[in-house]
Each structure stands twice: as structure tokens, then as C-alpha cells.
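For reference, the structure is listed below as C-alpha cells.
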């Protein structure tokens, strides 16, 4: 595989772009969103140019084609994460909508006064704010699994909470979007199952970067976004165990999710349609199917291996830069390709701005993880995050750009 | 399939004069189902004596394919034992009308009555017999 | 303009397609979804090929570009419907999500036991089911503005309900997706304003086909879908009066909609971001902007004129077919380009299936309006619906295909 | 703008040694605001005697641009009457540091302190004077 990594870049025309004053783009903000290969963009174009029609309800030829394309993307996604049943795949806008859907359609009915919802100190706002809104509305409380100084969860703090017996849900991410920490999902789900507590896994940073098997993870809900895995914006997935979905009330009301509507009451469609109200994002779901095909062709083991190698290389290089603080686990086996850092007393915004002039696109700020920023006691971090198309050469440019920051800010 | 293959004499006739159309008085079991995509809806009434389906009627609204398949299905069903009725397959209905190659969305029109029948049998069996009702429910749900 | 109508078709490659056995496609299901011009598809492709990055939060060049593209689409949409303030434009997946957002974020806080929500007999399920879910949950009741036999609302039935004094919201569509009836919006909003009752307008069938000015309509909420106006699937708009949005709690929690997140409480971002949680559907929002540009270039007055002419032509032709029942207003000034009909005793599914063989794509079924089907006392209807690219020649093919239906079903 | 134009001596210095950084004891008004995009957050304390801003301090966390602009702003503000302080404009701050051509997202870093100041004045004026407080609130909200 190694020899073809550089070929991959040909599938992504944007990577040949220059920015600012003719600098080649070094795109290192993949944790925010990834670039899209021609295969995905062309699939969307082909859908619109040749097959576009509203799915599911009509008998004519185009509708038959669009329905087939839409539903076959569901099969691809189900296979990709090893869902037992295609009707467990619900298409949504992204991770955020998936988690909020659970908070409304499951949470509102199952969390009451005095109950507890648990999340962790390294969550994205998408996996904190919905639970704040829910617990505040219901008079329940929100509790946190605490994190140690290397950025790993301390599971004994979960045990303590579970022991109190009021926990209704434990929601946590499979990989931190700031620290790169890979969560030991099965450790958490097995403890929760023993305590009879359902679990939700935020897989936004995991699905794009490693093989995920929802059945063996043992969780009840699993959420991820298409745009972080080479798919288009505007599409994501909520996977949920069928037994959970069957017990849940619908979330949105409208077309496609009903069986029969009468003036004063209605009955619901089968899964997954009960949770897909309205015209779905057909073209982008089809595009997500193409992204799955693309990733499968590379192989998720290869994706992980490539990123692990880049990460190890970058961590080693960065260790040599005086004044640089890198957050998260030291061991590249325990983390994904996300490296957050701070450089002396220079604010991350200023770091990112100066790097941008060298064409290096990194993110700076709180990364939608302000609770983690408080825990780390920093206002913000800079973050570089990799994908399959990134190279060691680009890591070198990143590290080189740090020198310019040092110069502008007159560091040692 | 070409529409002249689909809409042959028998289907057009059944769509105007469906067999076993109507309601039974005092049915032993009755079930209602609908196709959420097109709005076809069917009620099926069964009379069961000594584990034999002695009478069956359906009513509802549906397209020619739905009406013809419901007609054929009820004709097949009448007089069958519960066990034999349970084993009626998709193809038993589709072949009778030469509809094996119908496109996916119309297959649901064709099989709505069979799904309704299986759910009715499920209801009856869970009420009157305890064993293996669940397998029938799964079979009905998995039909399409 | 007239001379260029046929040129328009060149912008839509799908319209040159053949279906089934080499029949030219006659696409008459525009009320379900419209086709997309090259200008829209190319905009999306260009976004992915050259500018893709997550919007709003980063300082690097690509992010600056994608943010500008995303926000300029908001300006275009605001201008298109004459919103007073760009922060009143909230991007959602479509009409269905827009209405559900109001039902959750506004409805849950403002509708209580014994209150009344009003809708109409000709609504799409999207404007009925959310209110069923809301009123059932709250112990409120759902009431209907009744429809006369020509398919127009009887506003005295609204007056009677308003007189009772418990109404909290009146929700109605600006144009029926089955009958084509154009609602006299200002008649309803002025009555409601007098009674101090907010109004929600479902504009899914209006915005694509006529000039809409939300300020002069006098409503409080207005919802529509991009995919029905030449835009991509997966994007739509909730417009709401700023004073309403300011009073509303957030709907989804997550990235972008927050100001500051702490462990146990958070504060919210400014409008419209407070209601746009998570990574938005950036590419498709940009694509919707291109659709607005395309429609502005034609001119909405011209769009309406063309469709009115086609509709009048079709109604006249269809009046000559024995056994054909056409629903909705007779006067083409009171209806849009949507014609629902039934043909003797032939079920609409069978009509649509036979027409499909002649390449004619029409919809049959309940059109997500089962309450209306009950009111009309039919199981279903067939529906042909037009857009700017349709021609009188296509209407002739439609009417011709009815002859084959008559033959197969041995009519007259 | 090139980073060497943005990050000139004065900005780098202010980022390390911001002017008027800290808290006032018993401020007459204090206000907190944050930039939701980047997480910069500022608190501003004002001491007001006879409609004159006799002292002002700020604290919080932000980038070099935010720190420098807050420094410059507080220096401009000190000693001004309420009326004069109200009329401080974006450009008064940006020109002082040569940042007029900053890109849109960084402008928000530069103006967070001005927005915070205007909201603090709004608070003070609504509490102590009744008239035209609202226009100030609108002005603050419309800053960027």
C-alpha cells in the first residue's frame, strides 16, 4: 500500500491548490472536515445529472433509480460499521443531529427528575450541550468521567457514579477531537451493561480513521458524520440497536415517517423510516456511499497504519522544538492522528495565522471542547490533524512553520 | 415488465370485481395494515373452525395489482389449515398472476394482503395457541 | 422571455435522458422535487474541488473562503424572500425540519394544556404530524380550517376557532401540493394578528414558483425546501421574525450554537447561529445560493407566468378527456402548476405505472396529504406538476398517455 | 495582510504586557463577553465619576490581537466622558495598531473589547440614566 499513498492525492484536486501568495496548501484540519475525492464528487454530480428524483414514493423510472441508490448507500454504511440490520441505520445531518435526536426521542422519555446522565471531560460540545439541555429540563443531573493528566479517562470515576444507581445513560466519544485519545470503548460498555445502563458513542473521530464494529463495541447508540470521512457535508448517521429504536417515539413528524395519518392521530412507518421524516438528503447519502466505497478500497487497517506512522513521526519531530507543549497520550498506539499543542506564550490564534501564510491550514481555538480547555487550564490550543492523503513532507512544513512563529514572537 | 404484461385481463377484471371482497360477520380474527408509501390499505377477516380457515374476506382501497393479489390470495387461503396457510409464499401469489418480475415498489402493492394475512394468523395463534407465534411475526415483517 | 424557455432545458442534462425503452423523459413530478441546472451542480463541485473547509472557526485561507461562500448564500436567500435581517435565515435540512424546529423550540414552551393549534385540511403531513405530536404531548388540541368543494379554505371556520380564544398558533401552507390552491396568506395573517396569534407558513410549494415577500405576508415563521427550487437535496430554510427567535430556547445543542460552555451550564451564540448546531450542510447551502441566483435571473414573475400558462393549457386539454376528474380551483389565477386527477375507476398507481412506460414521470398516491384524501373521499390521486422547463409539448404527451391507460383498462 | 505587518513590535509587546490588565476594586460597572468562534473572553471593569471614566481595567484570555486592541482601547477610554467613550469607533482602535485590513475572522478578535466596553456602558447607562440606552445596545450588537 505504501507506494500508492502519494497516488491518493491525485483523487483530491484541492490538495494541489495554492493559497495566499502561491503557497502550496498543506491541509491539516482533517478533524474539522476532510477533503473529498473525485469519486465522491462525481457520484453526486452523476446523481443530479442523470438520476435525481424524490426517493421511495413514486413508480416511475427515475424514482426507482434514486430509491435504489439511496437504499444501497444504507447497505454500504451498515456493512462498513457491521450493523446487524440495515434498518438500524438512520441518516441525519451529522453527529450533532444524531446525538440531539437521541436526547429528544429517547432522553425526554427515559430521563427523569433525580436521574443522572454521564459524559466525559474530553467531549465535543455536541456530546455535552444536548445533555445539559435535557438534564436541566428534567431536573436530572449531568456528571463527568474524569480525565488523567495524560488525557485518558479514569474509569474508576465512572464506577463511582454507576454505583449510585441513578444513571440513565453514559455518552462518550470513541476518540477525542483535541487530544486524539482513543477511548477503551468496550471497558465502558461492559461496565455499563453490567449496571444495566445504555451507552451512546460519539464516533465522529473514529469511523473515518479506524475499523469500527458497532456490534462488538457493545454500545446502544453510535453517531458519526459523513463530512469527516471524505463524504459530503450535510449527512451523517445515527446507528441504534433495533430494540432501542422500536421503543422510541418518533422525533420529527412529517412525510415518509408515517404509516397512516388521520386528522387527530397517526401511526408510524417501519424502521428506519420512522426516524427519517421529510425528503432526505438523497444526493449526499449517495455520496456518503461512495466515500465508504473509497475507504473500503484503501482498507481501514491501512488508513490507521498510515496515520499512526505520521503521528509518530510528527510527535518525534515536535519533541525537538523548544517551548512546545503537546497534549494527549505519548504512545501513538493510544491516539489517533490529532495533535494539539501550545507554543510558548503565543496564543494559538496567532500561531495559526502565521502558519496560514506558509499555506499550512491548522485549527486554533477551543475546538468545541471548552470543558476540556478548562480541564487543561488553557484558553485554547493549536491543532494539526491528519488523514490518508497527508505526508511526512507536510509534517516537515508544519514543523518548519513553527520557526517563523518563534521568529515573529521573538522566542528564545 | 411492460404494462400489457402486467395489466392482463385477469388483473383488470379483479380490479373491478375483486373476489372475496367485503366483511365477515363475527370473524374469529381481523387485521388492518397499510402501505405507508402509496396509501393502499387492507382489512382482512378470517373465520377459523378446527384450525381450518373456513372463510375469508378482505376490504380496503388499493390499485389493480393490490386488488387482484388480494383476490387470488383469499381464494388460495380459503379451506386451508392454519399450517398450510402459514406456508403460503410470495411466489404462490405472484406466479398465479404472472407478476414475478414486478418492480420493487409495486411488489409492496402485490404483497400487502399476504402481509396482512400473516399478521392476522399471528394474532390468532398468539391468542389461541402459545407456541411459535413469534416466528410467524418475524416472517410477516421480513416479507418485504 | 418566451423565446428562451426552451434554452433553459440545456441547463438540465437530465431532461435529455431517455427512460425505459428509450422514451424521452417527461418529468412532471416537480412538486416532489425539481431538477437542478448545471449552474447549481457546478457550484457544488467547485466548492468541493477548490474551497472545502469547515466554516466559521478557522483563520486559514480555505476556511475564510468557505465561510464567505456559506454566509453569502444566507444574504442571497434573505434578499430572495425579502427578509429584513440576514440573521432571520436559519439553514435546516428542509421544510419538515423547519416546522419541527418550531414545534420543539417554540411550541414546547408556548403551547399548554387546553390550548389550540390550528392547521388546514389541505396540509402536507409535515404541517400536521408535528402539531399532532405537540398537542398530544401537551394536552392541547389540534383544529382544522375547513376546505370548500373547489379546494379553497373557508376562513369563517378559522374565525370561529379564533373567537374561542385558546389558539396559540395557526400553521398553513401558501400553496397546496395536491390541489395547487394558492392560499390568501394575508387574509389569514391579518385575522391572526388581530387575535394576537402567531402564524407559520409552509412555503415549500410557493417559494419555487412565485415571488414571496415574508415581510408583506405578515407571518411569524416561514419554511421552505431547497430541493423543490432547483437547489440540492438536504437544505432548506426556516425564516422567523427576529423577535420570535430571540425569545426561543435553542433546539439542538452542539458546536457553533454556543457562546461559552462550562461543565454545568452554557450560554448561546447570536442569531442565526444559536439555531444552527453542528457542522452545517455547507456545500448544499452554497448550492442553494446558486439556485437563488438562477431563479432571480429568470425572474419569479416570469416563472409564475410560464407555469400559469402551462396550467391553463393542461386544464383545457384535460377537460376534453372523458372520465377524468380534476381537483382544485378551476381558475388558473388561483392555483399553481400542480394538477391532481383521477381517471374513471383506475387506481392512480396503475395510471402512473402505465404512463411511466411512455416516459411520463407523474406521482400517484396520497402525496403526504392523507387528511386531504379523506376530505376528497378518494384513496389517492395522480398528480402532474410543472416547472419552468416544462413545455406544452410535454403536456400533450401526458394527455396522450391517458389514452393508453383507457385502452389497457378498457374504458369507454 | 502579511503576518509581519500584523505582528509588529507593538502588538507582540502588548500581548506579553497588556496595558490596564487586571481588575478594579469596586467597579461601577463590569461586563463579560466572549467570542463564540475562538473562545477569547474578556471582562471589563469601569470606574465612573461624574460621567467621566476615571479608571478602566480588563482581564481575560485572548490572542495577541485581542490583547493589544484591549490595551489600546482601555488607554483611549481612560479619562473620557461617557459621551466621548460612546463614540469610540472600530477604526479608532484598528488604526492605532495599523490593523484596518485584518481578515474578517480576526476583526472579531480585535473588536471583542470594544463590544464589551459598549455593553458595559449600556449596562451603566440603563441603570443610571434612562434615555437612549437602547441605541447603544444596538450599536454594540451591530459591531460585527
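Order as written gives the chain letters A, B, C and D; numbering starts at 1 within each chain.
One rule holds for everything that comes next: a residue touches a chain if its C-beta (ideal position, glycine included) is under 8 Å from a C-beta of that chain, and two chains touch if they have at least 3 such contacts.
No experiment lies behind these values; they were computed from the predicted model shown.
Centroid distances from chain C, each centroid being the mean of CA atoms, peak for D.
If you average the CA atoms of chain A and of chain C, the two centres end up 31 Å from each other. For the pair chain A and chain D, the distance between C-alpha centroids works out to 37 Å.
Once the centre of each chain is set as its mean CA position, chain A and chain B turn out to be 45 Å apart.
For chain A, residues touching at least two other chains, in rising order: 57-59, 63, 256, 258, 260, 349, 353, 364-365, 370.
Of all residues in chain D, those that touch two or more other chains are 37-39, 41, 106. All chain pairs in contact, by the document's touch criterion: A-B, A-C, A-D, B-C, C-D.
Within the complex formed with chain A, the residues of chain D that make contact are 2-4, 6-7, 12, 15-16, 37-41, 61-67, 106, 109. Residues of chain C touching chain A in their complex: 13-14, 17, 19-20, 25, 27, 29, 32-33, 35-36, 40-41, 44-45, 48-54, 57-63, 93-97, 99-100, 103-104, 124-126, 128-133, 136, 142, 144, 225, 227, 232-235, 249-258, 260-266, 277-284, 349, 352-353, 355-356, 359-365, 368, 370-371, 374. For chain D in complex with chain C, the touching residues are 34, 36-39, 41, 103-106, 141.
Partner chain B is touched in their complex by these residues of chain C: 345-350, 353-354, 357, 364-366, 370, 373, 379-380, 404, 408-410.
Looking at the complex, you find that chain A touches chain B at residues 56-59, 63-64, 67-68, 256, 258-260, 267, 269-270, 273.
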